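Down below are the structures I want you to see.
Shared between the two complexes below is chain A, which has chain B as its partner in the first and chain C in the second.
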Partner chain A sequence: MMDSPSYMLSKIAEKDNLTVYELFFGPNHPGMHGNFGYVLEMIGTEIVKVRPNAGHLHRGFEKLMEQKLWVQNIALVPRICVADPDPNEVAYCTAIEKILRVDIPDRAKFLRTITLEMSRLSSFLMGMGALAAAVGLYTAMNIMTADRDLILDLFEWLTGARVYHMFSIPGGVRNDLADGFVERLYKVLDHLEKRLIEYDKLLFENPIIHKRLKGLGYVSKEDAVKYGLTGPNLRASGNPYDVRVDDPYAAYPYLDVRVITQEGGDALTRAIQIRLEFEETINLIRRALKTMPEGEIRLNLGNLSALKVPKGEAYAKVESSKGEFGYYVVSDGGMKPYRVAVRGPSLPAGLLLAQKHLPKMKIDDVAAWMASLAICPPDIDK
Partner chain B sequence: MIAAIRVFGYSLFAIFIGLLFMGIGRKIIARIQLRLGPPFYQAFLDVGKLFARKSITHNFVMDLGMIMSLAGLLSTMLFVPVAGHMAIKTSSNLILIIYLMAIGHLGMAMAAAASGNPNATIGVSRALTMMLGYEIPFFTVMLGLIIFNGTSSLELIAQSQAGGILNWNMVKFPLGFLAAEIALQAIMGEKPFDAMVAPAEIASGPMVELGGKYLGLAFLTHAVSIFVETGIMVNLFMGGASNVFTFVLKQFEIYLITILIEAVFPRFRIEQAVKFLWTVPMSIAVVQLAIILL
Partner chain C sequence: MSLGDKSVYSPLTNLKNLFKKPITVKYPKEILKVFPKDGVSPIYRGLHTNDLNKCIGCGMCQRICPFDAIEMKVIGENEQGRAIKKPVVDYGRCSFCGFCVDVCPTNSLKMSRHYIYKVKTVKSMSAKEEVEHIKQKFKLMPDESLGDDIGYNTGKAKKILG
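Let's look at the complex of A and B:
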């Protein structure tokens, strides 16, 4: 009897004058993605204090990368973000190419861009689905998961892998588009565009969604910059910043990327921001497919397993579906990186903003708040 | 002796129909979600599996609460006429039925509170808050019907609607039916009024500490509650039925409406849900009551 949970809980309650109690939101909780957690101190159903409980997903990527060959790390980096793996590969390869001072062929740039945008689509579908699931609309989540599979099928055809593609390599990409790939991609894009009408009815125009998300987790224009939010979260607060436009990489200089910004800064605006960017991404892939040149798909850098990168350092950043993914790579001229540091987009929202927003929030809204900010714990806990 | 056998038989029938509905409901929701879904008899397999499991209890009160929850709903079931037949000789008083229905919730509240998990406690407090929300509009509709028929006997209300679809209360009092249907969504704990379970918020609320046989009991309780709640609606608004098959078919129609709404709506927060129930179905119910009285 002494060690039963109710006895222990009543002891905790006694200590805190029967008011404040601890509630573990994660690492095992249906509303939490990834093995991350918040330890919430609550009064009734209201949160008074929050402690991010990271570390359950720590796999030591940055240290591990120092022990692997330059090209071996290609298999490692996509695993930092499960939902949107390609930005990691491209950022890592771009950083290496910056140190090597090489310019990759144009077709390789376009292929990278297309895979990045396809990855963005699949990640947006997952993000919108997660938001829908957080407020209990499992129908939207299931339909979006089914649609995401169409993109994963294309990835499997192109790269041989569904989730971790390992498609970009230093100097270019692994393989070219197969015959018929472009036609099927167009078909999938048309299908997704048609489905948007359904998503609108189901999710974005749903009055209950509006009721729940309006005003939730408001981030002002200044706060978004102060806390270091990037990507759709930043643009939903009215800051027109997009790495694809402001510091273009891959084939984005050749494409006319439209930056969508909205005023508002609450969870509903962020949800609609993702929906608008989803539509724009479909158009961007179409434009990229139309303007893609013929030619080589990679530079000849010799045997990649014996690749030596000259001494130097570089920072490369990529606009992922959740925000800016940055890779800081240092080489001492050897076969392996000297140091790789990764800047994930979820870190500011997941750790810092949580401590500002979650107190005074009701337990009802925690999952929806997390999904609206697209917090992806694997890139907090690297 | 015969009465005991009848009660047992009726209970088994209610559990069977409830589990069958749950299975078919899951299949239909799966088809809406573009999934294949489990077979329609999945709920039976689930319950069989759960009762074969070892289970963990926290204390005696939790055991008692689970049994009380099932027993409360089964005893409610005895007062609901199934196609004119009843397990025991009674007048099937509506007020008594609604009163007994709360016992199921209270049993679950006892079990969840005894399990000592804060998620379960929040879930139960939400369930009881939701009860406040849906009972008022539902009672108002019922009051109208009781005044119109001059009796509070569910059996007599069902009999008064005999003789064709135009005599059904559903057709005579469409507004009342609408209000009751919205309230039923909350009574059955389906979306948008499922804040008491809410997996993403409070990890399935009252169910969080239940495993094995306890979860099996919770399944059975849910099955009986589906039977009782749809049964009340069929008797109140769809004229009961002349045979059991028609009765179950009508029950399924009511259940179908519920799960179709469930499939395409997210959930309200608890305070939004209660506010909605006290405004929209409540005003519809009051208008209906006024029409009946005038």
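Let's look at the complex of A and C:
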């Protein structure tokens, strides 16, 4: 330890009286996930103070949504989370349907559920890959990125686009399943299940991961609730809360969702949580495909390009791979939303928890800490 | 830690790559060989294609477009002296959401399975001229057609919008 570079650096800093210097971690840092940054005040390699530096994402989603028609916003909302776009579409459409007081057909609910779970798979693969890359295991990241592409191919067959699907619209979904889609999906699910053994060997049983992540960013059971963490991060601290079970939407009331919780609350537990939920998601898609009913895929709401939503307000929440996505939609009875407020899952961890965890942390651990909490900056900058 | 039981000679299997053709391609020349159209989804939302005989120039596509990518261009006059307008799609703005296809009342506007759009630049152009040139060329004009390979379209199915 005595001759390690970080120790030497802090010694030099002490000797030369260079007490505190500023380091911009992001937006142009390879360990940063998007247009976001932390201004770190450091002594040597140890962080003293952290200042989140948001505002690089220029879109201003919430304000922009007030200037577009109800249906036009569907092309905009998926951009709030690039890795996991479908929860945004479903939450926005569910909020509109709540104000309209309509119930969509069962088949549409199942189709939405399948896209949501496929999106969760692709996002988990990206998240695990980011975690692997943050500690230098690029082989795992490359394999996971290649496997994610198989799911993107399936999305292309189902919706016509690879990344931003724009699949849900108020009243249902846009397309029915394509010919041969179900067989292709089963094939990919089998492939991913086989791959899990390889992921375990490469990543989750790897001593490097265990050494780097054990004890990093510990969140206690009470703190997780206090800071407003949701999703896998909350469940990894021992709180059995899942929106799919506690406030079910889409087809989740018909499906038996198993909530996985773990005690522990550190970065390693969160990494293993994602891996366990990945396996459960594969089984959930299989169950959804088996129980999917036939029927209509869309409710006739008249001309959607001239859709007028009656006066009212609604909140809809959806469990994404990172946590709870909530849309609070207010309508004044016009052609455009009066106000849309987005609750992103990364905001509490990225802004508040960072102030608590990052001080006294070494600079090498920041990227791994961010990847373990699945911080996706566009939710912060909406 | 090992990934299964592999032979000690397993690194030699890489030698077979010496006799294979490279995966990388010379992009503009080999484009069709590498990206076979069969791989693209039958409902792929690619570049637009417009049937000018069917298109009535109503401008619904322009009105629904979330990103203001469609502009109605006057291409002539009819017998009554009224302007005939057809849509021009600017791919610098288009997000390929496909709402213009959903809203089209005559089903003339469709999306093709083509997804590669290349603009030839002239070497003698200055940097400023080149930007303007690409801006103008990066659009689907009414006289261009990609009608042979249709992807996303509402067709005979029930209309989604409108």
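Note that in this section the second predicted complex is superposed on the first by the 364 of 382 C-alpha atoms of A that agree within 3 Å, B and C clash if a C-alpha of one lies under 4 Å from a C-alpha of the other, contacts with A are read in each partner's own complex, and residues count from 1 in each chain.
Note that a contact is a pair of C-beta atoms (placed from the backbone, for glycine too) under 8 Å apart; a residue touches a chain by one contact, two chains touch by 3 or more.
Keep in mind it's a predicted model, so treat the numbers as computed, not measured.
J.: Looking at the overlay, what does A:S220 touch: chain B (first), chain C (second), both, or neither?
T.: In the superposition, A:S220 touches no partner, neither chain B nor chain C.
J.: With the two structures laid over each other on chain A, which partner does A:L304 touch: chain B (first), chain C (second), both, or neither?
T.: A:L304 sits against chain C, while chain B stays out of touch.
J.: With both complexes overlaid on chain A, does A:A161 touch chain B (first), chain C (second), both or neither?
T.: In the superposed model, A:A161 contacts chain C only, not chain B.
J.: Which partner chains sit in contact with A:Q67 here, chain B, chain C, both or neither? Use first/second/both/neither.
T.: Neither partner.
J.: After the superposition on A, what does A:N206 contact: first (chain B), second (chain C), both or neither?
T.: A:N206 contacts both chain B and chain C.
J.: Have a look at where A:T19 lands relative to chain B and chain C in the superposition and call it first, second, both or neither.
T.: Once the two structures are laid over each other on A, A:T19 reaches no partner at all.
J.: In the overlaid three-chain picture, which partner chain does A:L76 touch, first (chain B) or second (chain C), both, or neither?
T.: second
J.: With the two structures laid over each other on chain A, which partner does A:Q355 touch: chain B (first), chain C (second), both, or neither?
T.: A:Q355 contacts neither chain B nor chain C.
J.: Under the contact definition given at the top, report the residues of chain A touching chain B in one complex and chain C in the other.
T.: 202, 206
J.: Going by the contact rule set out above, which residues of chain C touch chain A in the complex?
T.: These residues of chain C touch chain A: 1, 3, 40-45, 60, 63-64, 66-67, 95-99, 102-103, 111, 151-152, 158, 160-162.
J.: Chain A touches which residues of chain B in the complex?
T.: Residues 29, 32-35, 58-59, 114-119, 122, 191-192, 194-195, 198-204, 263-270, 272.
J.: Please name which positions on chain A make contact with chain B in the complex.
T.: Listed in rising order, the residues are 4-6, 9, 21, 23, 29-31, 42, 45, 132-139, 142-143, 146, 202, 206, 208-209, 211-212, 362-368.
J.: Going by the contact rule set out above, which residues of chain A touch chain C in the complex?
T.: Interface residues on the chain A side: 68-69, 71-76, 156-157, 159-161, 164, 166, 169, 174-175, 178, 198, 201-202, 205-207, 298, 303-305.
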